[in-house]
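Below is one structure; the comments refer to it alone.
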Amino acid sequence: MTHSRSPLAKIGKGLQILLLLAYAVFALFPLLWMFIMSIKPDSQMLTTTFIFTPTLENYATVLHSDYMQFFFNNLIVSVAAVLVSLVVGVPAAYALARFQFKGKEDIAFTILSFRFAPEILVILPLYLIYQRLGLYDTYFGLIWVYQLITLPLLIWILRGFFEDISPDIEAAAQLDGYAWWQVFLRVLLPLVKPGLVAAGLLCFIFAWNSFTFPLLLSNNVQTSTVIALRYLASDTVHYGQVAAAAAISALPEVILALLIQKHLVRGLSFGAVKG
Amino acid sequence: MFWGREPALSITEVWNAPMSTTLSSPRTPPSELPRGGSASKDSIAHARRRRFRPYLVLAPALILTIGIFIPFIAAICLSFTDYSLNSSDVSFIGFDNYLSMLQSSDFWHSLWITIEYAFLCTAVEMLLGVGVALLLNDENIVARFLRIVLIFPLMIAPVIGTLIWKLITNPSVGILVGPMRMIGLGDFKWAASPDSAMFSLVVVDAWVYTPFVIILVLAGLRSLPKSPYEAALIDGGSPWFVFKNLTLPMLAPVLLITLVFRLMLSLQEFSIIFALTEGGPGDATMSLSLQAYNRAFPFYGLAEAIPMMLFLWALVYFVSFILIGFWRRAQQRAAGVA
Amino acid sequence: MASIQLSGLTKFYGKRRGVEDVSLEVGDQEFLTVFGPAGAGKTTTLNLIAGIVTPDRGSIRIGDKTVDALEPADRNVAMVFESYALYPQFTVYQNMAFPLRSPKHRLPAGEVEQRVRHFATMLRIDHLLDRQIQALSNGQRQRTALGRALVRRPDVFLMDEPLSHLDAKLRHSMRAELKEMRGQLGTTTIYVTHDYLEAMSLGDRVAVINQGRILQVGTPEEVYFRPATVEVAQLFGDPEINLIEAKIRSRQSTSVRVQALGEDWSFPITPEIGSALDKLPGDNVQLGFRPADVTVGVNGNASLHGVVYSFEPLGTKSVLTIDSVAGQRVRALVDGHRTFQVDRRIEFSVPSASLIFFNPESTRYLVRSTRTEGDH
């Protein structure tokens, strides 16, 4: 879009860039600072700001501690949650996109509304239920509750992708001699693959970042997100290690975020905005 | 010649032939045709099978959905009891929990904090987000670079983000200590003081969630149709006029949906507040979610906590309902403009 | 190879009528065109035959089997979609090979290759076999879609407006090619179009459909010269047929006097026309005549008067629109060498030898006047 008509045109290119840089500093500096702290030795933590001798010992300490166990817990639970959501959500997204049946939009909206329910509201009864059912502090329990986060997101994103495929293609494949489920597997799934990847990665990120659920519904089977915070609360000396732990926890999603650049808009808005 | 085609009959034969009927030109006598209007038994069964397919496919998701309803129902039931985590007897106490909630000043205080927090965060993020999105809708170097990396604050766990901000504002090792002293705010206590705790929270929340607004608004800006702007160019009109009468109405649906998302989520935000202040100092930032958590876990009053959360949910639902109504109307209007 | 029988097919989409009580018979190896405006129910009909949608009522037979309970995969029907519906992730070769590799057919690789190449060569896309679909032009995509349908040698071909997205020149050449292919393949075909020229030139018979109902089925000549209703008459022909209300003033055995277009005039009739007119409930009748049959003259033969409303030269022919005395507009197709000035008085006559008579209340065809052979 040509920007001579932008309302900001009056403030001049130079000022625009300056403002952008200001926001860039605001957005990125904290991350940079976290990284800096993570490679600063404890001895120089209180005395220097930017000039110091970088070291990897913070990382070494964290990597050799039991923190990594929590890192892998997070990995296991998040990946498993996404897989479950894929198996359940892909057919559901297809059904919502294609079939016409009573109560379709109601069901769709109900699934979406889970996103907006207060976490604590769900957790309070779940705490009891989980204790009774022995799901408290288990991988299975977390994977199950993570569905609250991952399933609505996945269904809504994929629904949009399925809707984008012309129904004629399915009809053509049926006429070519394939049963409806074969059409689904051999024709449709390859076509929504980019959507699957994007939705899957985005769901993974949200599952990975989940804090409230593992905090309250789990104890020893804990995720790195929760543990990182505990470090800060309990340890007021080894800031470098805390920063390192945070950095390690944030690393996977930074990488993944770069991968899903293209589908971000659709994913974040639950398909309400077509990027 | 008839369009280059030899007619099968001579013209006169055609003119004089008996007229074709309006239905079929039967080559079999009507009695042998299957009766129209009836369907064979097989086809009825087949049609029924086809009609049930969507439900079959949806079944797993529906089962999960029902599974999710169970906690909600349980919550509602529990709210009518005096269930507590440290006592073994439970009795039905009717609406007592609700009444005491409405009478407790803590509840109203938390309600105010929740609304204040949600309002401040949403306002800051929307204004900042739209401004930055407008700035980013450009092809200079900074914009192109920023478009790619601005997603990072959003992707990092909000808790981790809060953690980082705690480190930044830490009095002993935080990087902001020096600069704050330079502008005369050397005593600024950030999250440690009741007066500045809310401010600190909003800063953290804005840091995490402004990218969300930016990304959506930017996508909206880029998908705006060009022709109304070309027409405006010909008709004349200041940039501000164009912005107010063309851009804003067409952008309204995206703005509203972003507003809905941010408002809904910030009303029930828990992680950031918990990580930064735990509701304190004192109860300076004790939103409803935090209050409910405190009642239930450290203090074991599970059943007491639920009515607050139900209230919150009802609030969220109500507000989203109204806003989604605005959103739908804005979409229709935008379609009319473009 | 098979005949097709549709009986009483009805399909509603909620309140909207897709098709209602459609009955049709297509003979073995017959090429039937289904013609109607947009939304008439043409695609619905095809989808019902293919099995993509199930009818609310009615039944379908292909050959000697009732196919109502059969999935599309089992009906041995091939369809060329208006949108082509090619598989975007495959090449041309893979698109054409896809049906042959399905569980229904499961041909050995050698035979698949043979068939695909045979039809690709016939359709002149054999040099494109390794290309992705996105890289093809519209015409090439259309041929690929055609090829995908042909490789299967089905019992029935269904074609949904296959030429509508091609530019005019391509459409012409494809039409000719289709006619030739038809001769070679000899498969029962139902061809849907909203272009009446295609309907007329390609079909052995034409089925006219509008608003979900079949209006008429017949040969192109029957539909054009003896349309079953006013509606059918209006759908064929460009410029559109002229339709006027006429009040019969008096009638003899060989001529009739009418008041129409604001004037009194008479024209000769045959006894057959006379007896048909007897069946009219009143003395009103609706007359139809094609613009090409109107004579516009200054040589005294003309019997009606009017003023030129518009004149459009189109090359070999020109379209002249005349405001009659009563105000009703009459369209005439005149030779391209003649010129006319707008707002000038003009005289014209309605051809007595190519009049179509309609019952004004039921809008149904009554009778038509005949002409001697060798004309037109």
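Quick notes on this structure:
Should a chain be cited, it is by its letter among A, B and C, assigned in written order, with residues numbered from 1 in that chain.
Keep this in mind: a contact is a pair of C-beta atoms (placed from the backbone, for glycine too) under 8 Å apart; a residue touches a chain by one contact, two chains touch by 3 or more.
Small disclaimer: the values here were computed from a predicted structure and weren't measured.
Centrality by C-alpha centroid: the chain sitting nearest the overall protein C-alpha mean is B. Looking at which of A-C and A-B shares more C-beta pairs in contact, the answer is the pair A-B. The geometric centre of chain B is 50 Å away from that of chain C, both derived from CA atoms.
Measuring from the averaged C-alpha position of chain A to that of chain C gives a distance of 56 Å.
Remark: chain A and chain B have CA centroids separated by 15 Å (rounded to whole angstrom). Taken residue by residue, chain A touches two or more other chains at 180, whereas all remaining positions touch fewer. On chain A, the positions that touch chain B within their shared complex are 1-10, 13, 16-17, 19-21, 23-24, 26-28, 30-31, 33-34, 37, 45-46, 49, 87-89, 91-92, 94-96, 98-99, 101, 107, 110-111, 113-114, 116-122, 124-129, 144, 147-148, 151, 155, 180, 205, 208-212, 216, 225-226, 228-229, 232, 239, 242-243, 246, 249-250, 253-254, 256-258, 261, 264-265, 268-269, 272-275.
Residues of chain C touching chain B in their complex: 5, 7-10, 21, 23-25, 27, 54-55, 57-59, 61, 66, 68-70, 197, 200-201, 205, 214-222, 225-226, 228-229, 364-365, 368, 370-371, 373. The residues of chain C lying in touch with chain A in their complex are 47, 50-52, 71-73, 75, 77-79, 81-83, 85-89, 98-99, 102-105, 148, 152. On the side of chain B, the complex with chain A involves touching residues 51, 53-55, 57-58, 60-62, 64-65, 67-68, 70-72, 74-75, 78, 83, 128, 131-132, 134-138, 140, 142-143, 145-146, 148-168, 170, 172-173, 175, 178, 207, 210-212, 215-216, 219-224, 226, 229, 232-233, 239-240, 242-243, 254, 257-258, 261, 264-265, 267-268, 270-271, 274-275, 288-289, 292-293, 296-297, 302, 305-306, 309-310, 312-313, 316-317, 320.
Within the complex, the chain A residues that touch chain C are 166, 168-169, 171-180, 182, 187, 190-191.
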